[in-house]
């Protein structure tokens, strides 16, 4: 399989932690197996949902090592190397290569807000320097800049840049990319927000990178598959289930961190891994945990709660 | 037909002008007939594409009068009453009622940026005061505030509020509304950006309010119809045509006004109406006009150019 | 006195209302006299604090008429003509001229977000069309666009554009304008936020347009005068009083409307005028009113409360 | 001298580089001596102007070591430890302590956008963990969140948090902090943008952290001193010089990176250090370099150019 043809549901794996300095290694293994058992088409480590930026570097390296060893080639592993320092991105990419990962993924540097020409220069330098194929990652809410369609167009002809994940939720942007890149057979588009997986795949996306697939991988794989075969009745039905998850498990707590806290808390309730969250966030306290439990029951997962 | 069941393609009509103080009355008539001949399911006057806020009040009144008289009940007419002054919105709604319009449409007041509870109070007062059914209009790029899902939910139970047009292009938001309001049979959702019509309608939207339908009403009606019957092959084919229009006719010129200038210029080239644009904008000069001509030719409309 | 040399404290007058359709005419007169008695150097009608955009047009016209008649030439009257329709701005400017106003003030049109070249064209057209000298008004939080220094520079050479009020609170911007326009003797800069009056005037501003001057005109006039004569000890002392007002009277209530509600409520408690607020806002209920009363007492205005 | 009483001009030192992986060590030494010779009251390493986030970690450590050794206690050295990972911030703080630095400085984590309560928890944990006094750094344009006054108020009572640098340019915010913290004798406020040094110091700030002081330390020290002694005539004169620098040297090039590129290029022309810039930026090419040379001449620094 060529990496540039990766299609399907690729969960952005959360990072199981014991505390700010230690991985929950058993949780990492259990979650990896949980995802593979659910039929996912790949795993994406160290993305936004993986709290990459919040982790000390040694944890990032350990995670890549552990998951790649566990997966052992069964499915592709993508590794997020997003950093403000190009050198640190490249080092992590070498580590990923050494561990057997399939490709790397990078958003724009996120302290400065580069202009579009600067982004072309940056990603060209990065693609030249990393030893694995590179996916772009459009994440304007966190990095402050869009990868404008003309920028993506310029980068798509680089032989080592093979696709883009879009988490903007701006579907005019995504449709522009689908249209602009329609003849680039070796460049694939993936959608981040799970609310949009069905429509994006029906309209031409290669796959989806959905946080909820950490919890219920089979459901998200089924949604991808239904959309990919244009089975709209099934899509409508599964979309309701996904939207119910989005509107319950992710909406406990008052801030932007509710989604991440909800996913980690739910995974803990499902007995898969610890729910510690790195600074600047904190895991849910008991009151919120009980609400997540109730939310899990409301989405029909009562029997899965440990 | 009940207005709250309006389905289909409803163009946001541009406002043909001779200058800042005079309608192009013959253009208004020709455009109205052009739209009806294209099979549109309704007409929306005085929206963003209609430059409502840029027009002196007497022009807004004259436009409603002229179009309603010309349509003469053949299809529904929706009238935008968005204003910063509630009183001026209500006055225009009475004019619309008097002329025979079907419903009115209002975005948030757009000078102050009200909080969500203030928006609930505002739209409740507006819905109570207007003599026609009211559609909400979510347009955050222009009015600075989103109508949050919980706000829409609160307003959707008002008997005189019958739907919402969303121009945010944020499809997570739109999916949230589709999910939240799935059991509200008398509340309909419409999508603004034409890039998103296909996917929105396939996922459950009642219709679309697309600026490009001013130019090629039949194409946009066909797109709506294909999506409504889940005919994905046809959707893919027509989507390419719409995306080609979006990426050519709307992208001449350097600023956010390119879309509006492009549509008006193209309508002028098609012999339908004058391309004067109200302040703060200006119509395209000759160089840009030639580019629009070339763009029209590239989308296969050469034989339509007068 | 030439209008382009207007210096000092010019309150942006609130608009006393009985309800959404009627001015509180006696309140208008009392407030006008209150300001003049406080020694203000001018009055600015129909600004943001004046709720201009929320008022039906007939109220805007009545207010200009009433205040100009009452002032009767004792001090300059500036009239806000900010509108999304250039024609409506011009009409109001003619009304202002007819009533004897001194100058008009306009922010950018605020529905569309024009580019900087479009703003130059717009304000040039407006300055050409109005029968009174024009002040620019930079208010990005409400109109979405900045009047960039290069735009102001271009407009400052128009013979009918004589100054700018900046409400951005971005002092790098204001310092850029002071520096860029340092040799334009007939172009004056005014600051909006009262927190910044002292420093702006000491650094070269011609005056200030502070909402709090509705309440305590003498205090704000004194602050301006102390800053204008570089009396830093007095500045520091009066600044504390102004900051105490800002951090008490304006911070009751949870939303962006707290400032306006606080000022109107306090004026009502001081017996000067009614506190009705136009949609989309609402006046404070009793609980908040009691807090404003306590805030007035805390700033030493207990004996003024009626 | 206690660190919490640091007053004066503290340049945010640029980081002299040979390439993406090597410091310009001789440039580091020359720049350090240049600043001390100019009379600065402290040096701030690894801030925004120091490109901290763009540097590989080993370079950050080497820089702290080199500068602290060179300064050798002559003036205080502050070290930026801003990071998205709390653990990496703490490690760098220990390195700073070991090298003899005086204090550390941290902005909010900048990938996620924490809520205000999460910021209180984060900075409390950080202040507890670092072995040196901590200054907060408000930099919303780069980290996406403001440190709201109430958040600063809560943190100001932590015994290890001794001040805040504000780079927001929002002077209403700065005045709010001055007012709110007026009785906190052990908490100091510093201003970032050099355009605002004069007014901030006259209104009560303890000092300024101005990028231009890398180039002309004595000028910026003089400006601070004039403001601190309320010598307004001198302030006005020096302010013009600073504004001329801001409007020439920093405005070559088309993007947000113009300031940094201009400062580094000018330092290179002055013979102080190499002008290499880390990704995602690039140093100026020859055409821009000539413009910087002309700008230096225009500000009277011709004789300093090597």
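In this document, chain identifiers A, B, C and D correspond to the written order of the chains, with residue numbering beginning at 1 in each.
Note that in this section a contact is a pair of C-beta atoms (placed from the backbone, for glycine too) under 8 Å apart; a residue touches a chain by one contact, two chains touch by 3 or more.
From a predicted model like this one, the values you see are computed outputs, not experimental measurements.
Where the centre means the average of the CA atoms, what chain is farthest from subunit A?
C
Using Cα averages as centroids, what's the distance between subunit B and subunit C in whole Å?
It comes to 35 Å between the two C-alpha centres.
For subunit B versus subunit D, what separation do you get between their C-alpha means, in angstrom?
Inter-chain centre distance comes to 49 Å.
Residues of subunit A touching 2+ other chains?
Subunit A, residues with two or more chain partners: not present.
Edges wherever two chains touch, nodes for the chains themselves; is that graph a line, a ring, a star, complete, or other here?
ring
Chain pairs in touch?
A-B, A-D, B-C, C-D
In the complex formed with subunit D, which residues of subunit C make contact?
By the definition above, subunit C touches subunit D via 169-173, 175-176, 178-180, 182, 193, 195-196, 198-200, 202-204, 230, 232, 236, 239-240, 243-244, 246-247.
Spell out the residues on subunit C that touch subunit B in their complex, using ranges where they run on.
20-21, 48, 53-57, 84-88, 91, 108-115, 117-119, 121-122, 125, 141-144, 254-257, 278-282
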